[in-house]
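Pasting in a structure now, in structure tokens, and then I'll have a few things to ask.
Labels run A, B and C following the written order; every chain starts at residue 1.
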Amino acid sequence: MALEGRDLVSIFDFSDREVEALFDLADAMDEHKHVGMKVADGSILCTLFYEPSTRTRLSFEAAMQKLGGGVISVADATSTSVAKGETIADTVRIIESYADMIVIRHPLEGSARVAADYASVPVVNAGDGAHEHPTQTLLDLYTIRREKGGLRDLSVALVGDLRYGRTVHSLAFGLARFGADVTLISPRGLEMPPSLLERLEREFDCRPSQYHSLGDIVTDSASVRRRKGSQKALATELLATFDAVYVTRVQKERFESDDAYQAARRGYAITQDVLAWAQADALVMHPLPRVDELAYELDQDPRAIYFRQAAYGLPVRMALLAALLGKRPVKVKRARKGDYRPEPRHEVDFRKMAQLKCPNPLCVTNHEAYLGPRFTFVKRVSDLVACAYCEQEVPSPLGAASRG
Amino acid sequence: MALEGRDLVSIFDFSDREVEALFDLADAMDEHKHVGMKVADGSILCTLFYEPSTRTRLSFEAAMQKLGGGVISVADATSTSVAKGETIADTVRIIESYADMIVIRHPLEGSARVAADYASVPVVNAGDGAHEHPTQTLLDLYTIRREKGGLRDLSVALVGDLRYGRTVHSLAFGLARFGADVTLISPRGLEMPPSLLERLEREFDCRPSQYHSLGDIVTDSASVRRRKGSQKALATELLATFDAVYVTRVQKERFESDDAYQAARRGYAITQDVLAWAQADALVMHPLPRVDELAYELDQDPRAIYFRQAAYGLPVRMALLAALLGKRPVKVKRARKGDYRPEPRHEVDFRKMAQLKCPNPLCVTNHEAYLGPRFTFVKRVSDLVACAYCEQEVPSPLGAASRG
Amino acid sequence: MALEGRDLVSIFDFSDREVEALFDLADAMDEHKHVGMKVADGSILCTLFYEPSTRTRLSFEAAMQKLGGGVISVADATSTSVAKGETIADTVRIIESYADMIVIRHPLEGSARVAADYASVPVVNAGDGAHEHPTQTLLDLYTIRREKGGLRDLSVALVGDLRYGRTVHSLAFGLARFGADVTLISPRGLEMPPSLLERLEREFDCRPSQYHSLGDIVTDSASVRRRKGSQKALATELLATFDAVYVTRVQKERFESDDAYQAARRGYAITQDVLAWAQADALVMHPLPRVDELAYELDQDPRAIYFRQAAYGLPVRMALLAALLGKRPVKVKRARKGDYRPEPRHEVDFRKMAQLKCPNPLCVTNHEAYLGPRFTFVKRVSDLVACAYCEQEVPSPLGAASRG
């Protein structure tokens, strides 16, 4: 079966059609979520969390039990003996003998790839530092598909901290893959990193518009020139183009002063006033937990779907577990032209040259001694290579040599 | 079905007949507790504990699994991400999408009511600060019913710390509802608070006798006058009237000195000597854990039923979960005259007057900003209102105004 | 059924034939481990861990769920309310009303015996301080039986810290019971304690050869005399006699200096060079986690079976749980001549003489006040008695009296 035995470390591990097939399965699962199923009877999932993430852990554990399977759990491995100096590679090779599947969360970037490499059972990444958290992206995309009827021809605004937010990074790529028109709205200093913008354009031909506050949209001169209306009409029109507004938390600690934080906060907070300009069926989304970027007064607005969004995590994860365990057929359609499909990554052979270490201090290769540096060529870019674990891009020593 | 979809936040949420119907179901459950059942197959319970209470958590988790259901668990939310600034209202609205039922324990008073208000699934209070722990009271009452054959016409002594003990407060009301004769025996300074005594009398016409030590019973002059026997015969007689003696822990920290503690301790410790005067079929109960208020030597006495009492927690909680999930019919008989039944609480409209805040610093309304103050009228007392969450009674600004 | 309702506190609680019958059942369980079974449907296991041991806990919890049963868990009781001054005896008498079986881990020696004495449900010792961890020994023996075809006529080397290592102590006795030829290789200062060597000889007629490093084997003069070959051939021959080499961790903290540690480490580290001299089908075993006593380069060697060894923990624990719960018949054959069988231990009556306290400061009797001192006679040795809980041997006051 299509996804049986596969790992999900990155949102790029699945093709567009595989994602859509998984969502079809999630639609079916959603009907069973109250009564449960017996498809994973006798199977066991291990949730191996090296840092606590209660929401994510509970969601996976509920999904497995709704499928009829069992769960063994390490809710916070750093405070237990698992962490006692044992490597990820050793830990997963032991746990795979107790569990039919492993969901891992670990603070080091690339750690989930290591787990997937060493474990013979399917491994799902539930967050590896700032790198990826693919099931969050899947449930975000699924939410949009469920609520809007599809993933094509959408206009989505990502609002908040776009610099450090792993969730919005992955979602931007997920949206770009399906051809969405992406708008970025973030406080000054918390813009999406240039390397990600380059990659969005390079790989998916996606060039997001960028604003520093929701208010800026109104005074954006390019828009003014393009649309020739009054400012108010303009703002209405632009805000009204969004099918979904995805808000994320901005952490106070990112700002130099409380004043700077408060000023930025006003620029992206979603209030009833802002929503008044949005489409009647626009979606207001949030990965939760929220702090105060979404007022409680919004909860009654039918466009405020963040709790429903969280709830979709259950059918999506039920579908994912059933698919990777091979307990439910996943019908993947033939790829369309332009669809994203994972391609074999070509590893750079370093035997002939000086050692290259991954420069990312949080990369798993800089913490687990048995892992040698491994790099892959970057598609379409000859002078960069990427760490095979954390995907950090670095200048290629080969390219430099060939140029030199 | 009678209790399907209901919450259990307070022992007052169920009528006398509902409590009895639940106990009938618990009787039936008790027969199945070793082999298990399949009634809650496919359902999931979330134990959401903001402070650890292993015994209570394990009991609920065992009950759910004995019914065939699954469990997701947060054993100590304060040390995990659930607590990361997220409100109770938001947390339960996420968890309800994973779980068919929530058992919550939280240090703030009234917190379980908030959870019940916001969650669409049934919520059971497993302890909200000093406020309530209704399943403990249910299992205490169930123990008495099982062991004595009924809940009517009983004489029960509550012994120990009656000031701070949430367990004995709830039990006193539970007993009073069923017409029991209640005797209170507590060290000086740890008597039951006057407000509770007033409420016992006001609502259930219950006026407990009070003593400061088991020894005082002997020299109680009223008893002497009434009964005209020798002191020894008297004490025998009075002690012998108790169908059950419910002992709770007295914490050393409540006393000014170790001497004061030791003196008090002698006054309420249940020893073989004390038991020698009790009925042959009296019950010695304790919510456990004990420290030294019950000697190990008592364990062999057939009247020492505290471990059996703890064991009844399983069938009682199995019955409760099955009933609230609507998985088993609960046959509630027609109310008798004088039965307690929950009545709609009339909320005080504060829009026309100055804001009134709940004066209880541990009330959930003083910690969760989205909750406005809410007060209800107190039955039969015109100059008091009660916080709708923690039930703290405060002078009514309306009453004061009308009187002024 | 043979093992139904029994406890497993010590590897000595089961006869040789019972161990073998359990292994036969484990063979059968191994075939079901991927699909699961329904034999323990409706039963609940409580894992009660007073100190964290993630690997062991997960293994038991997976085993129970693979049998179809449920699990309630206390992953680290010291940080929860279970520990709040409550005795082991009280705790297990409460937990037995929720669970059909208890697996306990506790830092005090003899604690598991206390739990077994007070609980009416089967109790399995998952480690009681330095005393015993019998399921580790069972899976070690099972591994050897599975990989070598039997437990008779084996030659096994135990390598590493043999002084403090509970695992190797129990394994030495397990091997001795089945007549294995045992060789001990440990750094100076970390040799197996003389009392254990005496007991091995006394009870099982087992006299292990002892070396201080793998290198010493080569220069051992007795071997030279016995075998009359060149040193290299000798070493080859001796190393080549081992059917299994069981390596354990040596902790740096045991040494006076880092130099001493490094020197010792070289003496017992298993490298490709060492393995070159071993049999083609020798087993390299390790209880894991390893630090650096086993190089990662060995992982590819077919003789490096430590991960398979860990994996055998699942069928062994499935068999054990099913057997003790009486859910699967265990066919115990008639004992052979010389087989080990547990005998009733005769308790020393101390009423007639001065109180004797167990001198082991980590013995549970020195921490739980309700436990009186209890001692049993030591088989074949008249002047020693052993603590009935931690098995520490002490001079017999009776023997002294009779001799005096």
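Methods note: a residue touches a chain if its C-beta (ideal position, glycine included) is under 8 Å from a C-beta of that chain, and two chains touch if they have at least 3 such contacts.
Computed from a predicted model, the values in this text were never measured in an experiment.
Its C-alpha atoms fitted onto subunit B, subunit A is found rotated by 120°, rounded in steps of 5. Under half of the residue numbers at the interface between copies subunit B and subunit C are found on both sides, making the touching surfaces mostly different.
In this assembly, the C-alpha centroid of subunit B lies 46 Å from the C-alpha centroid of subunit C.
Of all residues in subunit C, those touching 2 or more other chains are 75, listed in ascending order.
Subunit C makes touch with subunit A in their complex at residues 34-37, 52-55, 58-59, 61-62, 65-66, 68, 75-76, 288-291, 296, 307, 310-311, 313-314.
Residues of subunit C that touch subunit B in their complex: 41-44, 46, 70-72, 74-75, 77, 79-82, 84-86, 90, 93-95, 97-100, 370.
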